[in-house]
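Next, two complexes with subunit A in common: one pairs it with subunit B, the other with subunit C.
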Partner chain A sequence: MTEVSIERLTKTFGSARAVDGISIRIADGEFISLLGPSGCGKTTTLKMIAGFEEASEGAIRFDGKDVVNVPAEKRDIGMVFQNYALFPHMTVDQNLAFGLEMRKIAKPEMRSRIAEVLDMVQLGGYSDRYPNQLSGGQQQRVALARALVIEPKILLLDEPLANLDAKLREEMRVFIRDLQRRVGITTVYVTHDQAEAMTMSDRVVVMFGGRIAQIGPPSDIYERPENLEVAQFVGQVNLIKGTIAGAAGPGKSRVACVFGDVTVDSRTDHTPGAAVTLSLRPEAIELKPAGQGGAQGKVTARYYSGSIIDYRIALDSGETLHVQTFPNIRIAEGDRVSVHAPADGFWLLGAAK
Partner chain B sequence: MKRPVLTLYCLLVYAFLLAPILVVVGASFNAGNFLTFPPQGLSLRWYVTFFHNDVFMRAIRTSLWVAAVATVISGTIGTMAALYYVQHAGRWKEAVRIAMLAPLLLPEVLTAIALLFFVYAIGIGTTTMIGMVAGHVLITLPFVFINVSASLESFDPSWDMAARSLGADRLTRFRRIMLPLIKPGVIGGALFAFIISFDTFTISFMLKGIGTSTLPIQLFDYLRTNFTPEAAAVSTVSIALTLVVVIVSEKVLGLRIHRF
Partner chain C sequence: MTPMRRKGLGPLILIAPAAVLLGVFLVLPYLNIVVMSFRMPGQGTPYGPGYTIGNYTKFFADSFYLLQVANTLWIGLVTTAICLVVGFPVAWQLARGAMRFRALAYGLVLSPLLVGIVIRSYGWTILLGNAGLINRMLTGMGLIDRPLPLMYNALGIVIALVHVFLPFMILPIMAAIQGVDPSLESAARSLGASRFTAFRRIVLPLCTPGIQAGCILVFVLSLSAYVTPSLIGGLRVKTMAVTVVDALIDTFQWPWGSALALMLSATGALCVVIFARLTRMKWKVARP
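Presenting the complex of A and B:
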């Protein structure tokens, strides 16, 4: 098994820096997601790890050995592509055998390894099919099997679920995650879908403009976003303006805002009077009938989507809030409400870099 | 038929395309002494005459030989050029394309005359087949190039990347992944090359050595002094040969593959 260490990795195209000096240490068996909008450098980073793009500067180490000058075909990686990239002129069996033939694995071992992996992706009995005889989900599982059957050092996945429909995508998330846990292979997963990154990863690397904005477990990324950009990219967020009212014990600040004084972790300038922005997730907010304390406002819109209901609230103080509740609380459009936000729902945002 | 006008139009187009061939084939079974249609009685006598005519037999062998050699050379060069064009040409792409298609755009007679001067200027002359084969390669190259580059355009680069990630070196990737997937284009291009070469007149006429002759030239020569159904028999055999080449390569090499 393999530990991957990326050190000050840079890729320049002409004068543009697609990847700008990023460093990540990936532990053996860890599942890491590179998350960001298109053009943030996540795919270029993956391609440099795979060896399809040459690194302009920096190092990529597999178990301490720099592989920057090792060609892709000698890096011993398993790769899964967005469009599956199964060889259309070969059957499932031949697709899986290809990598093993390159490694000169003996026939009997080849047979048993292919059977084992096909079983793992629940496609036993499909070995004689051609890719065009399989559904999108099945093709993606074959692609996964083809990458895993060679027992590579690391598994790289480039937006593998982007071409699947919503329901299948959710099933595949869990499927890939469980499979990765079982195999225990070090995995790098590229996606622009934050829900995908959060469900699957041990840690998420959020990238903007070729740089890393934040690295951390999904709960950190979501609940303790480094800055405004990360907070807005990962899920929906209400931004609450406030001013520092003073210190509130070690490492804590009191911030005055529309919900009164709230106590948050000090992360920025905490001289009293400084203007700051607090983030407040829509699902952290609680709505109660009017006149029950908290901030007062009116429901301007309501969107029902089954498991949750989305509300837009216009506060009397002029701000608009985005609130999500379970459907057991039902409030009609136009109703006046009391808005409560728990103290631990607020998070002080740092300035964007 | 719901659209009588369209049907009629289609029939007319087919008649326009196929009628001359049917007339030639029909005329070849003529029992009479002159090339007429409809035939005067049915007979295979002109085929017998043709197969016993050494001059025609030699010409047909020359034609087949030149076409085969030109197809192999043209197929190889054209495929390599298409590979360069699609994968590596970069900002020279348009220039490469125009250069490769030039033989198609220039009048064949100009190409032929230029080549004639050229082979004499460099001292090869027309005593060997080299000049003629070179000419055939030149005029068939664009057809290979167009066909192969079309099939390369639909070759997904991620197939190559997938093969690389699985540990395949450049040669293996070409042999096991790319070649099988662009095969229809290569074979299609080669078929075109063979048929064009087998059929061409101008280039062969200019670059043939004294005493050698290809089938179209021999036929032209023959028709200048004779007007027997033997000419129709020759044409019919050459049409049949072309069909055989197309069908055999379809069956043996296969033009179809599995695709998404």
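Presenting the complex of A and C:
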């Protein structure tokens, strides 16, 4: 299979730098997500890997071979588009055969490969349907099958689930992830949906303004965000103001904040007294009845959503907190509460680059 | 359960004005022409008493008229083909080109339609004549000794017709191309198709309806064009439309003119049907 190496890749449109010197090494068989808000350069990056967009600078290597000057049709990629891009005048069978015909695969092998892949995406028996006779989810799976049947070096997916409804989207996440594991193909997945990126990927590349803000496994991105921007983009987060109180052993700092002194990994060379921001995820916080220690506050709003309950807490010290709990504790709006945050729930945010 | 659509007079009332207009001013005159084509020729009157099929036997017996029909069809065919070849790239640019270019090009494409057809055709006589601008320029540059025959022949008619009818080719094709999702080409290329193959296998079949519409429009308009062929062709080259008008107005033979007009319509319609069959889409997209 294929290892992809992107080196100082840049795309300029006039004076704007849509992609600004990014480097990523993608291991053979790895599932990488490019995550970021619209306009962050993730789709442009994908298009450059696919060959639909010319790189202004930098290199894209498939197994060490630079493909920057190779046209899209010669790169041997499988691509799935946001709107599926199925050929409307061809049946499912003809859609799948297209790539094989381009590769001049013999008819009998073509038949067996199409049958095999259709089986894999659970669409056996649909080969004579036209795309508009299929549901959105089925079209998505045909698009996936069409990309996989040519046995490409890498699989590229451009927000493939954006047009599906919520329930189907969650099913397809798991489906695509399982399929990718089974086939073992190197995959680059573009999305603006952080939950999607986290459930599916081996590693997530968070991008802002054409640059990489952070690369890492989903748990790192979520629990140890590089900076404020990443922390805010990936899930909900409370930002707690604090000041460095001093060192607390090797690589640790003590930070004074509304929850008292907390110990966090020191990530920058802070001198005591420096103002810092801590992140605290809503689900890390624990609520107890008033008067049981911790910070004191009042529930200003409560949103019940089945598996979890969201609270807005106004602390007596003035801060507002967002808290998520399981529904096993019931606290009403207007109740006074004690707010506890576990020591390992805090994370010291670096300054945005 | 979907609610039953209320059936009433609503739709009928809405199409009534168009139906009346077409009925009174198209269908009735047409029937009148059909009847007229079976009238006896008149002596000093437009038509005589009684009925005959003589106008048609005369038409089929005289190779002059058959040849003229063939000539008219040929001019229509060549005009259509040139419009398609010239118009398609323009339609493509209009549909897919840069925004800034698009507004300007759209204006340029439509601009011929803003000038009357008589004026446009007259303009071509100034350009194409023996003492016209083109010939004077070429002789002036020493490229030719004698003026090129650009007028009073089929070439001149085709040149002028292409100019006049090009927008009718471009606009439907442009609309069709706009309806083809650009990501389909990307998909085809990701599957290993060259730009050309992606165009031939994906884009072209999908914009066939627009090409069909454009070709039929230009072809039919070319067959029935009168002003341009009569101004450019003069007395030397006559298309059927010109001959029909001659018969009806100059020589005052209404039955003969009607028969000629109907033969022109019939052959034109036949060509359109054959063309539609040949370019019939091999795929039908069933509605779910």
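Note that in this section the second predicted complex is superposed on the first by the 352 of 353 C-alpha atoms of A that agree within 3 Å, B and C clash if a C-alpha of one lies under 4 Å from a C-alpha of the other, contacts with A are read in each partner's own complex, and residues count from 1 in each chain.
Note that in this section contacts are C-beta pairs under 8 Å (C-beta built on N, C-alpha and C of every residue); 3 or more make two chains touch, one makes a residue touch a chain.
Treat the numbers as computed from the prediction; the structure is a model and nothing was measured.
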| item | value |
| --- | --- |
| Combined model on subunit A: subunit C and subunit B, fit or clash | clash |
| Which of subunit B and subunit C A:Ala147 touches, first, second, both or neither | both |
| Which superposed partner A:Cys40 touches (first subunit B, second subunit C, both, neither) | neither |
| Partner chain(s) touched by A:Ala231 [first = subunit B, second = subunit C, both, neither] | neither |
| Touched partner set for A:Val204, first subunit B, second subunit C, both or neither | neither |
| Residues of subunit A contacting subunit B in one complex and subunit C in the other | 50-52, 71-74, 76-79, 81, 83, 85-89, 98-99, 102-103, 130, 132, 146-147, 150, 156 |
| Residues of subunit A defined as touching subunit B within the complex | 50-52, 71-79, 81, 83, 85-89, 98-99, 102-103, 130-132, 146-147, 150, 156 |
| List of subunit A residues in touch with subunit C within their complex | 50-52, 71-74, 76-79, 81-83, 85-90, 98-99, 102-103, 130, 132-134, 146-147, 150, 156 |
| Complex contact set, residues of subunit B against subunit A | 156, 158-159, 161-169, 172, 176-177, 180-181, 257-260 |
| Touch list for subunit C against partner subunit A, complex | 181, 183-184, 186-194, 197, 201-202, 205-206, 281, 283, 285-288 |
